[in-house]
Structures are given as C-alpha cells and as structure tokens.
C-alpha cells in the first residue's frame, strides 16, 4: 500500500516533469506554427488571429499555467489543422495502437519465454549457436526494413495479407469492440503484429535464457536436485518462476516503450494508430496534436514504468514482504 | 526554330538597363556562394533531385551553388517572412480546380502589390506586368482576356522571374473490372481525380463503392475551412456550389440553373428547383445568401474571406434568384467564387456563426458531428489516418452511379500499389510514385488496370530573389534558366511524368495557355547560357563567375 | 560397528580449460550408523566437493573419476540415476552452508517443506501439513512461521529450517556442509545442539563438513582430516585430536587459539596448499611439513596405525616424538622459503 | 595515560524503513546501531570488541575511523575531538589511524599492483616520492613479505589469502599510524595461516607501540591478542575489562553465554546448556529496560523497568547489569 | 602488452565478441578508406549519355551494386554511408558512455542529494518516449546528425547511469574502496582513479549497445523523413529506395545492402556486449 502510494506519487512527479518539458520543447522551438497555412490569400491579420485563437500570443508563464490547468482537466487542446479536440483524435487512434502493441508483445513474449527457456537447456548446442545470432539479428534489423520486405513478400507479391490499414475499406461495425474483434481487423493485424513481434521477441528470449541459466546455477536448484524432485518440478516450479520475474518486468516496460516505438511500424503498414498521428502531426506542424500525442505516449510509458516496478515488487516476496527479524 | 536561336532572339529583344553599357574592362567582384533552398529528399524527392541536377548545371557556369535542404516549416519561414535573406528556392504551385482560371496564377503570384507580404515573394516588380495583370481581371470578353493572359506569359518569358521547370503529369489508374471504362471522366488539368468522375463512374459488378487512395490524411470536413487537398476533394462532394468547373476547365452552372451577367458588376444566379440538404430541408436562396455572407463576417473563415472581398452585396431578389453586386469587375468571379464557395444550410449554421462571433476561435474549429451539405454524396464518417466514407445521395438530381465513395489514407507508396493490385482500392488518384510501375501493372493486368495521364495545372519552379543581386539582373536570370535542361529533369526527377514548363499557365488550360511559348522553352543550353552571361558583362575568372566590371558584391551570403 | 557408508578411493575431477582439477583424489573413510563424522580441512581441500559428490549432484564440469561409495549396500557411484534418485532425500539428505540461497526465494518455507513431503514422501497434503509442523517444532521453530518467506528468517532460523527439510523423510544419513560457519557463536552452538540432539534421538548418521576443529571436537564422534584432496588422517575424535598422527593435524591443532588455554604463541603452518591442477608427487603436505624426509616423495598410504585410527604419513610411527616439536613455532618457521 | 584513540558516549542512529502508518504520522523511526559507547585504548595496548553480528561492533569501528558520520558523542584522538573534521582537515587523522579489513580478497584494488596499493596512502599523505620506496620496503619487511620484490609488481589475484592480508597490514603500516583497527582480521583466512597473520599483527603492535582495536565475534582470538575486551550487545557495551578476568569470571549474563558458546578444540568439554534463550530481538523495537532481558535466564521485573547503567565492579572492570 | 595479450586471449575464447570486433574493424576500414574504395562520388548524379541520367542501372562492373533512381552509385553510397553510421554510432555511444558513467559514478558514490537529483532526472528521461522524442526534437530544431546524436545521448544515458550506479553502490561497499578512504583519498580520486576503471567494461558494454541504438534510430528517423538531409547514410539510402519503390521494382540491389549493413553493424555491438557479458557475469560462463 505504502509502496503503491509512493510509486504513484513518483509517477505523478515524472508526468509533471515530462509535461513541463514537453511544454518547453514545443514553445521554444524555432519557426512559426502558422506557417502551415501559407497560401496566396494568407495575411498578417489572419496570422495574428490564428495565434490568438490558440493562445500563443500570451506570455509564456501564463501559457504554462493555462497548459497545466487544461492538462489536469484532460483537455489537450484543439488540433491546428483538424480543429478537433486533440483528445478525440488520440482516442480514435488509441485502440488500434493498443491492439497492435499488446498482440505483438504477447506473441513476442510467449515465444521468447518458451524459446529462451529451451535455449537455456540447449546450452552449448548447435541450436543455440544458430538461435542466438538469429535472435540478435532480428533485433538489429531496422523494423521498417523488415516490415517492408515482409509486406512486399506476403502482401504485394503473394497477396496473402492486406497491404495497409486496420480494416477493409468502408466496413461497418456496431461498436468499437465489434471492430476490434472482427475477423477483418485481426486479419489486418497479422502482418504488423508479426513484424513487431519479430523485432520484440529477441529481448524476452535472451533475457529468459540468461536468467534461466543464472537460476539453474542457484543453490536452491542444486538443492531441488538433491531432493530428488522431478525435472519438471524443478524447471517449472522453481527455475521458471524465478526466471520469469525479470521477464515479467520487461514485459510491462516493453508495453510502455513499444507504445512510442510503434511509430515506424504504423507508418509502414499505414496502421491508423497513435504513432502515425504523432508523425503526421509533427510533419504537418500541428503542434497541439503533436504535443498531445507525445504526452499521451509519455503518460503510457510512465504508467507502465510504474506498473513494472509494482509488478516486480508484487511478484517478488523479497521486495513485497519486508524482512522481519 | 531551334532553342539556340530562340535564346539569341530573346537576348536581342531585351535591353540591359541596369548594366554598364560597356561590358569591357576589369571584371567586378566574384559572385558570392549562392544557396538553393529545397525541401529534403524525404519530403519532396522529385524536387530535391531536380535541385541537385540544377545545381550541378549551374556550377558549370562558374557559380558556387550550395543545396540547402530545409524542412517545410523552416523553408516557409525563410522564404515567406525573411524575404531579404535567401537567394533562390525550389517552389511549386499545385493544381486545384479553381486554378482553372488563370487569375490566381497571374495576379497573385507576380503582381507588385503582393511583394511585401503576399505571394510575390520573389519580389518581381514590373509596371507593364502589373498593368496586364489588372487588365485581364476586368476584361469580360473571353477572347480578349485570353489575349491579355497570353501577353502576360510573354512578359514572364522575357523577364524569367522564375526559372520554370515542369508541369507535372498526373498519372492515375482505376480498376476497370469494377467500373465501366467508358464511364470515367477526365478533367482538364486534374485527370480522373475530379468531381465529375466521382459521380459518373459506373460500377459493373458487386463492388459498388469507389475506393480511392490519398497520401495524406483528411484533416477537416468543414464548408468554411479546408486544410489540405484531400479535404477539398471531400467538401467538393458533400456541399454543392452555384457553379462547378467543368471537365473542360470552364465554369458551368450547377446549383444555379442559370448564371447571367447583368452588367460588369452584377451577376444573377437562378437556383435549381427542388434541391434539398442531406437533412431533408430544402435549399433556399436564403441559404445561398447566407453562405456568401459568412466568410465576410469578422475572421470567421480566413480561408474563404478573400473570395468575398469583392462582393459589394449579395441578395435574394426572388425565391429562386440571388444577385451578386461586385465592387469592381472580376473576370474570374465565376470560377474563383461561384464555383468555390460551399452552399450551407442557414438553419444549421446561423446559430453556430452567432455563437462563434463571440468566441476567440473562429468557425474553423467547429466540427459538425455529421456534416450536412446538399451535394451528391452524404458524409458517413471520417477516421483521420484511416478513411473517409461518403454515401451516394439518392435525392440528388445528379445522383452518383456508385453507392459509396471511400477515401483510404495510405502513406506508403509501395503499399498503395499493392492495394490497387489486391483490389483494396479501385481508383489510384493520388500517386507520386514511379509511373513505370503502374504502367507495367496495367500491362500485366490488361483487363483490370486502366491508366490515365493528364498534365497538371500546377508547376514546379525555381524562385529567384530579385531583391538580391545578381538576380535583379534579368539577363542573369535568363542565363540561369537557359542552363537548365527541363527534358532531362522531367525524366530524371519526375520519372518522365512531367512536361517542360515556361509559363505559370499550364498547357492543360488550353484556353489560356500561350502555345507560342512552348517552342521557346529554354533549356540545356550551357553554351547559350555562357554567351548570355558574357554579353551581359559577367566574366569567368578561373573557375568562378564574376560580376560585370565595376559591380561590387554587397550582398551577404545566406547563412 | 556397522558401516552405513563406506567410501573407498573416491576421486572427483573438475574439467577445466587447463586440464582436470583433482578436487578429491582418492578419499577413503567409513561412516558408522548413528554416528556423527566430521569432515575437516581447509578451503579447497575437497571436503565440500566430496559431500556433494556423495549426493550425486555436482556442477556439469565435475565427475567422479574413480572409487566407490557403498551406502546401505549400494554403490552410489555406479548406481543408475533412477535408483539413486530413489535414495535421495529418503535415505540421504543434505544441509547446505548458506541456507539463504538454498531455499527458493519466491516460495514460502512451508511450501518447500510440503513439496518434499508430498512429492518425495508420498504424504497426503493434510498429513504433510501436520508433519511439517512437527518438524518445525522438532528443530525449535514456531510452526506459525511455515507461512513465512525465506528472506524473513534470520540465519539461524534458516539453518534450522534447512535441517527440518533434511529430516523430513527420516533419512539414514544427513550430509551437512558447513552448517554453522556463517552463524554467530551463540547461534552456532544452538544449531549444533539441535543437530546433536536430533542425531541422538533419531539415531541417524551425519557427515559434518567443516573447517573448524572446535566444531568437530564439540559435535562429532569421528573425524576425517582432509588435505589437498586426500584423506590424511581419520579415526575417533578423541584419538585424532589428542594424539594426532599426521603433522598436518598436529599443525592444525596448534594453529588454533584456545579460549581456555592462555599464553604462548600460536604456531602457523607456513605456505599454502598445492594446486590441485598438477599436484606434486608423493605426500601433498611435504612442502609445508617440517618433518618431511626423502621418502615423502612417494605417496604415503592411509594405514591403520592405531586401533581404528588411520593416517597417511610415513613417519606416523614417530608421532609421539614429533608432537612436542610441532607445538613450537621454530619448528615450522622457514620450512617454506 | 591518554588513550590514543577513544570513543566518548558514541551513538549512531540509522533511519529505519518506514511503514505507511509512520509515513502518515510523520514519524521517522531510527535504529540505534551504536548507543552510547565509551571506550579507549592506549599506545602499545590492544582492546578487543566482541559480540554477535548486529551488535554494533563494526559500526563502532567505522565511527572510530570516521568512515561513518557520528550521530552524537565524540571520537577522540590523542585527547583531541576529531568528530567534526572534514575533508583535508581529516588527513592527519587518517594517516594516524589505519584499518585492517576482514576480507583480504576484497580489500585490495584488483587493478592495482601491490606497489601501487602501497604508494597510494604515501601519495595522499604527502610523503615525498624519494622516501616512498624505503617506506614500502620497511612495511613489507614488517609483515614478513620478503623479499619485497617478489610481491610488489604482482596483482592481488596472484597472491594467497594470507599474503593478501599481510599486504593489507603493510598498507596500514606504511603510513606510520599510531592506531590500528582490525575488523575480524583473520575470519576469512584458512585456519593454518591465521596464526601467522595474528602473530604479525601482535608483533607490529608491540614494536611500533600501536594502539590496537580488534573487532571479532571470537573470544578465543580476542584472548590471544588483546589484554582488554569490551563486550557489546545491541549497540551497548555491556561489560569490559581485562580479557583473562572476563573469560575466567564473566559478570554479565550475556558475557557468560558468549563464553559458554565459544567452541574449543578439545574433546573433553564439560559444557552445560547455553545460559541464553532465543535470538537477537528486532532492532527497531527493542525491549524496554535492559535490552538483554528477554534472552536472559536471570531476568527479573526490575530489568523491564530500568535500563542498567554501566558500573565498575572491580578495578578496570565494568558491567551493566542489575545483578552485579 | 599484458593487457593486449589478455584481450586477445579473451577474444579467442569468445567467438561472439571476435565476430563483433571483426565487423567493427571491417567497417572502420571501409570508413577510413571510403574515398579510395568508392568507385564514384556518392552524391554525383551520373549520366549515361548526353542529358540521360544513369538511373536504375543493374549491378555491373562499373556499378557494383547498380545505381539509384536518381542516378547515383549505390556501392559508393554504401561505402560512404559507413562514415556517417560510424560517426553517428560512435559519437552517440561515446556521449552515452561519458554522460551515463559520469552520472552513475557521482550518483552511486556521493549518494545523498546528488544521487536523488540524478535519479529523478533519469526517471524523467525514462518517462520520455524514445523515438517520438527524437522525431519531435528533429522536427523542432534543424534535423541533422548533431541533433540526432544529442537526442540519442540524452535519451540513453539513464540506462547506463543506472547500471553504473548500482555497480558503484556495490563497489562502494568493497573493502578496497573503504581502504582508499582510510588511506586519505579524496572522493573525486576514489571515484575517478579507483572506481571508474572498474566500471569501464560495463560502460563499454552499454556503449556498444548504444552504437546500435543510434544507428537504428538514425535509420528510423530517416525513414520517417526526419533524417539529416545532407548526409549520406544507410537510413537515407533506405528511405530513398522505399520512396522510389525499389521493392516494387524488385531492385534488391538497392534496398537489401544498406539494411544488411545496418544489421551487421548493430549486430556487432550486440555481439561484443554479449561476448563481454561473460567477462562481467562469470556465473554464466562456467
């Protein structure tokens, strides 16, 4: 309880700092946000009016206070270009990003954990000699490169998977949930999720293998063998449970970081998610939108960092249950 | 007439007013290193490649040319707000339906009234030009006006304030298994990405949706605000206008049954009978009047405000007639105003306008849950980076043949082609990729892919800053222009999807384009360029081009 | 006395890049039923390796190179894995040195005890639960603490829990590897008392691996002294400690400060044990031994020099004469250059 | 005679981990690892501090060495209060009071040669470079590592535990200290080499007239090297005096238990049951009154009410128990 | 000399690290002798005739890997791209290692408010999404190698700092650090003379991973259009290839080699760090 409160306070502090940093970042940049509106008919007065309508003509401290105030109210402002509330735009994109990230992570971790545990046992074998470099290579390859090759191969050439988007053109659904669970959506999800998973699996695999090897050398595993326990009991009940601790933490951290890291995959697969909102907002100089997307991604990251900490503490009795003497 | 002789003729025709008569003697100062601004390769690959090619050629003239790629934002900042600072820049004018009338290109771009803050950022000031630009505005006679516009192009050709590069050629394709090939309509300067095509495409099978791609997201669906090209494609379909630019590039009556020019300052529009908004209410003259009043109220619609500035009054003279009275004659009024402004429902918008007049924001921030227009398509939904869905308006007099019009946002050019091949889209309308690939696909799938090509209204050019020597010297500009090989550029930078340009009026606008100019497109003539410079007094010393005798370099290089 | 465990010429080698390390190199001794045998020696002498080798659980790189270890009539060395697994914990159990690492950190102590009772002992959950409580009471722990996590235990409690774990299935032999080394004197004494008491009460045999002669003196019936992978002396505690036959044992006794004996200088054994990678020929202690003679270049056999008292020294017959010399520092000084 | 180094009512409190309830109440619980310790040792003398782990003996040593900030009380060097000295002002004290570590395998920078390790204090204490070599040789000879050349250019991992501990001692001696504090100096060493290190230590103390403090849990060892001993329990000195007397006739019940628990390497031991029960109590919530009362076989009601003050029970002997 | 022999011995026993170092060396040679190895000027638009740009040429004896859509020699771009990759990778890694080690050392050894401030700072940085941050910074300032390297360094130092800090925390408890205090070393001397060399291998390990991160980030940023437009980098080559639909053209010669180079160089960092992992965690290496 105390840990949760403390960690929460810490997360709020970090969020505040990130929000302030974002404010500074977006205010102190060179260039003029109104430049995007240049046209033959754009005049000085219009420019001034535009700045006023976004409050950009006020002194910075005042802007900062207003900014923090609206953040607290969950108001991320209005998009320069779309003129819609930023939050609405982000919430539209959010489910797609969540679906992509979670699916990819689950695939990556399920595979990585099993393969990693297997490799821990296959120490020194030929399999290991091939599998580890292979895992490292998937992690070393640029995601977009891998994605484009997969796309060219599985979609353009063989026509198996759709080339872009999250749904068939013009498909109708009764609810967002119905959309996310439709066969159509899942079919569109396969390729991006697979690419992302391919990139992500290296970490759990290597981590699982390393911690497993470490745990297998631990005295309590030696003891378990001395006790004559079955191999299954040793591996599952003792080794895996201990080895999974850091992997579970990595999962939570990965959830946070791939949220922001999806930018590239979303662009390759024209996946209508947060990352693409961010990129197109940045490219189009839609600062309120870019700022909002950035803050939302950061908020998820901070939250997941917190969850990772709490998860670790919760899973590991050494942390969660204080020592008593 | 070959190019060289053209150049010589051009040289002979023009005087060299600002140069010493005697081009002999010791050379002047060496010309400072010049910086050519361009958008980065990633943002504008063709323009970047063109800039590289141009720079390569100009260096051969003894100039030190540095390429400076700048992101959109920063480039606009420099070119637009720091007009004294830069030397020359890659720039483009994009084709839009309303640019089917030459007024915008002629008046706004190069009239000296726009030098300080307007679009004449190159700082071109020529009283002769100004006179012609003004004259074409108020000339109501089509033939006479066309003659003036052609004259304008001659002046531009002589002065070369821009080094025109190319008019892009739009390459589009559609799936003829889905739509009857003959039902596709081409619009001058736009190709099949046009209003007429969207209502004409005739589905032949079970797929009755038009699915068209876009490389950028739709940002706003608002009759008083468009933020980018895709926005305008959507508003075009959802809201009707009094007139529309026809496939031939000329305005034709639309919501107005008849448009009559009562006198040079008065225009009457008789609206069609029985028109309804998507919510079922009738379209009235009151709606029309309201639609033309709103942009003039405060700064509620900065985008459309300039278009109503010339309207002295707009009134409903009877139940079906709306009368426009102008402040001064405007030849482009039909195309630039009547075919541009959207007709909205006063019932819906009047309270909104009232509300927004008291707010710091303007109407641009108003988001209709489900926009209501009166056009041939009704708005269904829009997801920013995903798609926009419209459905056919069965009550429209020009009811579309297709059931729905869906625009898919696909950023990835490769994926766009993949989507066309897989049938995820059936009209390829927004394509800047490699044309060979589309043509190859059409060859491989002759029963499926139909390709259309159309010269664009827009053009690509190098804007030279006439405020900064040596660009103030027309001879120098002509020489630079002469050194550029536009054919090569069209091939190597625009993948062959472009035609050389020497005018701001595209050949697509047959009525206005000065055909004579085509034969005088300078290009690829390094020798000619060198001679022009030589004659104007510029001298090569070593590898470096120097000003004519007595001219000092006083301009600081771009930083 | 019937021998419960008979170890003969046992050798355990570690494979390293530089060649085999002979951690245990021909060890022989007996463990009579119901007795506590102290296995004493300095670090690196092979005593811990020996203990673990008997359990048949060693690092990958280690293997039993030779010898036999007959336990209740079965040779642990040649016994097939499956059969040996049957013996493990049921007949033969183990108490490790650092009980903290020996308990699974993410499972409650009770669960670990239950696991052995149900899976190896075949008890029902209910029976196992009451047995677990009984075991905790037996080693002097509050049964309530079965629900604790290992890290909540103090060092002494962990060691008691380990003993409870080792006793769970009523083994005949318990091998305890330095069970009290990491503990404070008072706790050390308490744990030793528990072990002694249980041994007497349950009649099990115990091998107590330790470096501390005092622990052996306090707790053991018999002692086996190891040096550099070899057994150098073995016999009843009294005989070995009071009348050591091997110079190493003599040195060890004199190197120890004694609470109750005042004055005098301690006598250090100069030098350090040989590398087990390439051990010298002959007696391994010869290089540090003040009494070394030419013959020490040959391997001295472990022979019964006195009743039930074995030593591996060519000069064990002169032991009585050597002992007073060994008590003097000058004797040892300068043996090693 | 003024002690060379002394502790005067020395206390060290550490913040304990806070519970949520503490947090809410703004309460900050402290653990007193050392609680009013007073002791001292003169030149050429040796004092042993003995007790179980957690009794505060190591913290006391670290306080005396000024490695830990003192909460209250003072550290005296030659009668001078050095408690408040910081930074450069501390250097003379540092050069005079040196430490011998418990774990020789950990006490030397693995990347430094022995020479560099021994040069480091000389450099820091401003010994001119031309004198350094002589100092190093002297120290090496004193710890019986000769010839010095055989060791000076080697790295720690090339030496055995006994040799390392001698290097550690040489490093302490190279600065010519006045006092030396040895924290469990031989507990990590093999039995056969312990005696050697202890003998070197004892001889150095005698020859250089050092004031020595030994920290150990092993009374037998203390007896061998120290004339005097202080027994600590939960941060307090419960008994002190001449070692031989205390071992022969312990006054405090805890000392009695300690003496009874020490193992001896002899077979005939008539050792009764330990006169103590239970384990160390929670440091945060110590029992009221006498800290030892819940483990004491002789505890009486008064022990819960009143903490016994240390009192003199014989010349040079002190104990803190109501029963003495 | 001794160290060199030890390193060599270590490498022989660590095939992973050996492969990694070999890749590094190979690319280093390519970068140094890029001007000699490259067959053409990587920026120059090549012509195959008068005003005919040599575009999309297949691999040949003159163009080992063919030419791009813009008429540039792919092989020469690849070779010159090594320079920018190494520059980006190595400078970023250096900054990460320097900043991370410094922060970790100070926080770990000094503790107290120094530690608190540094750790709070690192928490904040860890709360910033990596790639989005790099993109936003590139977009808001001038996109370029300096911006990229700076933002990568800014984003990655906390990982290194945290690891170094915890290492320092445990080193601080080591006897020889205590001994340094007792023998009169100042805190700065202890940090930089005694402790720093101990954490150097760990820092180097994080550095070798940072090399990879920086290169991948450069590639991703370039792909999204936020790269340094003036550089010749593998990322920009890939971007160029994708923008020109090299995939649809099946111009494998264009988009496979830069990707493989990135993989190889990033992989080298991983291999080196995995190799030395054994050095650091001997527990894994029995």
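Worth pointing out:
Per-chain numbering from 1; labels A, B, C, D and E assigned in written order.
Following the convention adopted for this analysis, a residue touches a chain if its C-beta (ideal position, glycine included) is under 8 Å from a C-beta of that chain, and two chains touch if they have at least 3 such contacts.
Here is each chain with its UniProt name: A = ABC transporter permease; B = Twin-arginine translocation pathway signal protein; C, D = ABC transporter ATP-binding protein.
Because the structure is predicted, anything quoted here is derived from the model rather than measured.
Considering the contact criterion stated above, the chains in touch with chain A and with chain D alike are C, E. Chains that count as touching both chain C and chain E, per the definition above, are A, D.
Two chain pairs are in question, C-D and D-E; the one with more C-beta pairs in contact is C-D.
Look at the CA centroids: the one farthest from the centroid of chain B belongs to C.
Separating the centre of chain A from that of chain E, both taken as means of CA atoms, is a distance of 22 Å.
Inter-chain spacing, taken between the CA centroids of chain B and chain E, is 44 Å.
Centre-to-centre, using mean CA coordinates, chain B is 88 Å away from chain D.
Work out the mean CA point of chain A and of chain C, and you get 54 Å between them. Shown for chain D are the residues that touch two or more other chains, namely 279-280. Among the residues of chain B, those touching two or more other chains are numbered 43, 73-74, 412, 414, 417.
Residues of chain E in contact with two or more other chains: 139, 224-226, 242, 247-248, 286.
Across the interface of their complex, chain C is touched by residues 52-53, 160-162, 190-199, 217-221, 223-224, 244, 247, 257-267, 269, 271, 273-274, 276, 279-280 of chain D. Residues 65, 67, 87, 91, 94-95, 97-99, 101-103, 106-111, 120-121, 124-125, 168, 171, 175 of chain D are the ones touching chain E in the complex.
Contact residues on chain E toward chain B in their complex (touch as defined above): 43-45, 51-53, 55, 69-71, 139, 142-143, 222, 224-227, 229-230, 236, 239-240, 242-245, 247-249. Interface of chain E with chain D (complex): residues 174-176, 178-186, 189, 194, 197-198.
Of all residues in chain A, those touching chain B in their complex are 30-32, 35-46, 49-50, 52-53, 78-79, 81-84, 89, 92-93, 148, 151-152, 155-156, 159, 162-170, 267-270, 272-273, 276-277, 280, 283-285.
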